[in-house]
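The following blocks contain the structures, represented as structure tokens.
Consider the two complexes below, in which chain A is the common component and chain B and chain C are the respective partners.
Showing the complex of A and B:
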């Protein structure tokens, strides 16, 4: 039987494709074009093609190099701990206990709170003069003098990482909880009969069963966290050793040096592609 | 099977590309191509005709402004309402507030205008002028001002500063008010520290040290001598230290300029300022002073009302004292009319009302800012106020940062970043000053 070709499906997806073209592809093409130009709006008369000059400058820029390594730490520590705590929370919420619904709802609060508010809230917590963290630590006699957590190199970066971890835990918990609920109880019962203990069930049943969800969720978070600006910008503005690539791109873009910002953004996107492609390919290959 | 696997691979690659492209999307959302500069003859012709436009009957002017607090927001809305009710020319001003956001106001406004935003008039900082003028976004106000009956109510020096900012003989910026920075201090703490109001830069440094007090004898500092602003906006008080040693913004690499920076670093390292100072911005220095954590801080009359509300008579002010040199920041605020405004004459009625009319009086009395109108300056309100006196005393040596196309980035990013590195020991005073010089005159 020959299927009849219809234009309808194409018409139905056309608006979505059009929107994606307008809001993603056009700006991306624009950014790529700008990255090859001296495109500083403060000096509009100097705008012109400069080839790879912006890329060469970025790769030799000590600030960009530092931001690159900071971004790796930011992503690895941020997403790593988000996964760890999110997984623990998901396992907890997968158990039956009184008030589970309330706990599930409350645990989503960090995820639904805007990044700007989270940045402000944690800035107050860390405040060097009136912050609650200093107050608690002093009352516990763990410190003698107040610590300006967000105004010194040693503590600012860990401080913002803790904040992004706090923000991202619910997303992992939510995704992993949904996956956990799809794992058949038969396998656990069979494992019980075979005498498997808790960790064995975790590593041989639970994790393999939800592996794909873990992969996709982690990949999404890696990209989101790497691109995240709001938390760092609102807490430290990229100072005191907290400058990541995305914040640096934002700063340069905000300073209207769009050519240089675009070049850095493209380098960053290529780095993310390096992470994303093998990750997704291996994932799909196993599925296939 | 093979084609299915190929399809999956393609999908995987596409997904990865789409997700990573998210990083670029924001960067690409640039504003439109800057319009080519008009020929001077055409520009002149347009401007010459401008005052002859309609008087704005039934005209709406979209006005964007920032306000430092909610009281000032309300005050601006009151001024707008009064103007709308009384102008008698059918002009309706619609005021929309946007956050100052540590100086990002100007950058956001620029992005909005380059993207075709419909703001007609905006409050302004001189430092943004080159950027907007270079992109032909500002209307030339010269013909309007020349034809204005209250032109002489504003000192000619103000117009000269406005011309300097625009880099030509044209005036693109309308004077509105100035804020001269001075030093707030607590007389009760000075008494406790047994010091007088400093009259020289050296005495000021000593006062900072002596006002750092352990009031309860537990070995910890309870009052810090000075509320340092190490974050955005801190370049203004910092500039006073640099000039106090005889340095300047023109060459920040001289021994005098470096010594001024060293003083700034020293008072941080010696614990005469709160440990959080490297990250403190406007809100923190004000809160720290109001809570009694600091004995002195630097700001302008815009915060005097809340200081008096907090301390009553136990707060006063003195102009930043002279050392080898003397400088304080003249925080300027002006208004501009955009070239895209279709009713420039009506828009000028509004900015003139703010510069020398009832709007000037209401705003300056309500905010405590120093008026530019000589008539308003002569009023009792401005003659009998101790903070206004400190402002007026500082006017003779008040100045602004060099206005270059790099200044906005230098203020919002370079200075705070360099200062944080200098205060935390990653850069020496000399290295920091070299960076600041290099970045400002790039």
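Showing the complex of A and C:
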């Protein structure tokens, strides 16, 4: 069945490759070229080659530097808690109880909800006047005055991070649950005989058995969360200390300063590439 | 395994499960309650957790007033269905090639597919905007279908590859020996078995295109805008109209939720096959 030297596989792959070439690789090259130019559509006369000027400007831009560190917090806190809660949910769903199928299906709904809607739903919960979170906290006597969660510096960033955590729990739970179901029960039985307690089984059997899935899922999430624009953009538009790199690039792009935006996007892509290299390497090894 | 006692089960299973599920479901509950509250109650001084009486006024306004939500739904449907057809066809062909052939450049091409998702969307957004503009495709459905097809290909290929690798080659070999050519073997043997998996992958593609906002925001205008853009536009016309917004939100997620519930079992199998085995 495995034939060599046939034209067929190339013909079959061609349409997909063609689309990717047009929609990804051409734009990437385009972006690289634009990043070396002063390319501001509001000032079309000034468009021209400026060398590394955009990159130098970006590295010296205080807003960009702060966005870089914000992105690290955003990704580490976001993906970290997504993993923690997702893993907890997966462990719970791996036990047998009545209605497990329904609970599993329902718990996935955040994953199928549009990012815009997620942003808007949570903005309404956080609302400073009629928001339900303020109401609950006041009824519990935890606060005395209403807090405009998304409209002040200290609370806006944690607010959007909670939202991205909420969005990402289902995907983690889904992947980890499937991995858990593949762990053989023999090992747990052997551990029971040896008198292992719950946390020992968790750290010495469960986690080592599913570490590949944890790694791949976390990496996918890191890339998605770092790239995510819609949640933050629809909650705070990047104000009140919530400006991450992708949101900043999006803002500059919307403002038609395409050269500068491209340079920042390329710096960001390079940062992500550094994170993704181990993943790509493991994929190559497995194939080879 | 030892049988757990009742109280232990409450603390190790039901209680944490209820807390996590409350966190996950509360925003949806709150969105729904907001959408059916009478306006005076919604903007009254007291926050109520269940409306005094249920009204579907917001849903009526969404379709009858200036918001033009129906056009947005139509646009979203056109874009999502077209993307699903194009992306599913292209991905199935590619996945079949990766699964059934070993050819020079296979590894490289698979890597190209994987890398596809690494590029920040914002990096592609800007040049694509100017490319679409010069091609005259800006503000057309085609621009969105093209973009979404590209972004759904890697994951769809990954899903389908998992499904295909699970199908034994002997199925087609038998057909080939019986004098079927490869194309016929694919159509008559593989496609029918693959049917449910194609549906699951299709649902994934549909969901992605139905929900996407960042590209839709830049590539559409008032006539061609999709639901997520229309939702966002409800803000700012007359301040934030939370009743309309939440009603629009509920209508947006109902179709994808229904599709997801039907396809979820296969989708979960496919999603995890790659990661778990890989």
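To be clear about the criterion, the second predicted complex is superposed on the first by the 273 of 288 C-alpha atoms of A that agree within 3 Å, B and C clash if a C-alpha of one lies under 4 Å from a C-alpha of the other, contacts with A are read in each partner's own complex, and residues count from 1 in each chain.
Here is the rule we use: a contact is a pair of C-beta atoms (placed from the backbone, for glycine too) under 8 Å apart; a residue touches a chain by one contact, two chains touch by 3 or more.
This is a predicted model, so every value here is computed, not measured.
Within the superposed three-chain model, A:76 lies out of touch with both chain B and chain C [touch as defined at top].
Legend: residue contacts after superposition of the two complexes on their common chain; A:128 is shown touching chain B, with no touch to chain C. Contact with both chain B and chain C is seen for A:23 once the two complexes are overlaid on the shared chain.
Counting the residues of chain A that each partner touches, chain B and chain C differ, and the larger count belongs to C. In the superposition on chain A, contact of A:146 is made with chain B only, not with chain C.
Once the two complexes are overlaid on the shared chain, A:42 sits against chain B while remaining clear of chain C.
Contacts of A:84 after superposition on the shared chain: neither chain B nor chain C is touched. In the overlay built on the shared chain, the residue A:239 is in contact with chain B alone; chain C does not reach it. Contacts of A:266 after superposition: both chain B and chain C are touched.
With both structures placed on the common chain, the touch criterion links A:92 to chain C but leaves chain B unconnected.
In the superposition on chain A, the residues of chain A touched by chain B in one structure and by chain C in the other are 23-24, 26-28, 30-31, 34, 130, 220, 223, 226-227, 246, 249-250, 253-254, 258, 261-262, 265-266, 268-269, 272-273, 276, 280, 283-284, 287-288. Chain A contributes residues 23-32, 34, 41-45, 47, 127-130, 144-148, 150-153, 219-220, 223, 226-227, 236-240, 246, 249-251, 253-258, 261-262, 265-266, 268-270, 272-273, 276-277, 279-281, 283-285, 287-288 to its touches with chain B in the complex.
Across the complex, chain C is touched by residues 1-6, 8-10, 12-13, 15-17, 19-20, 22-24, 26-28, 30-31, 34, 85, 88-89, 92, 95, 97, 103, 105-110, 112-118, 120-122, 124-125, 130, 132, 135, 166, 169-170, 174-175, 178-179, 182, 185, 188-189, 192, 212-213, 216-217, 220, 223, 226-227, 229-230, 234, 246, 249-250, 253-254, 258, 261-262, 265-266, 268-269, 272-273, 276, 280, 283-284, 286-288 of chain A.
Per the touch definition, chain C reaches chain A in the complex via residues 1-2, 13-14, 16-17, 20-21, 23-25, 27-28, 30-31, 34, 42-43, 47, 89-91, 93-94, 96-98, 100-103, 106-107, 109-131, 146-147, 149-150, 153, 157, 169, 172-173, 182, 207, 210-214, 218, 227-228, 231-232, 235, 242, 245-246, 249, 252-253, 256-257, 260-261, 264, 268-269, 271-272, 275-276, 278. Taken in their complex, chain B has these residues touching chain A: 4-5, 8-9, 11-13, 15-31, 34, 104, 107, 110, 114, 130-131, 134-135, 220, 230-232, 274-280, 284, 287-288, 291, 293, 405-406, 408-409, 412-413, 416-417, 420, 424, 426.
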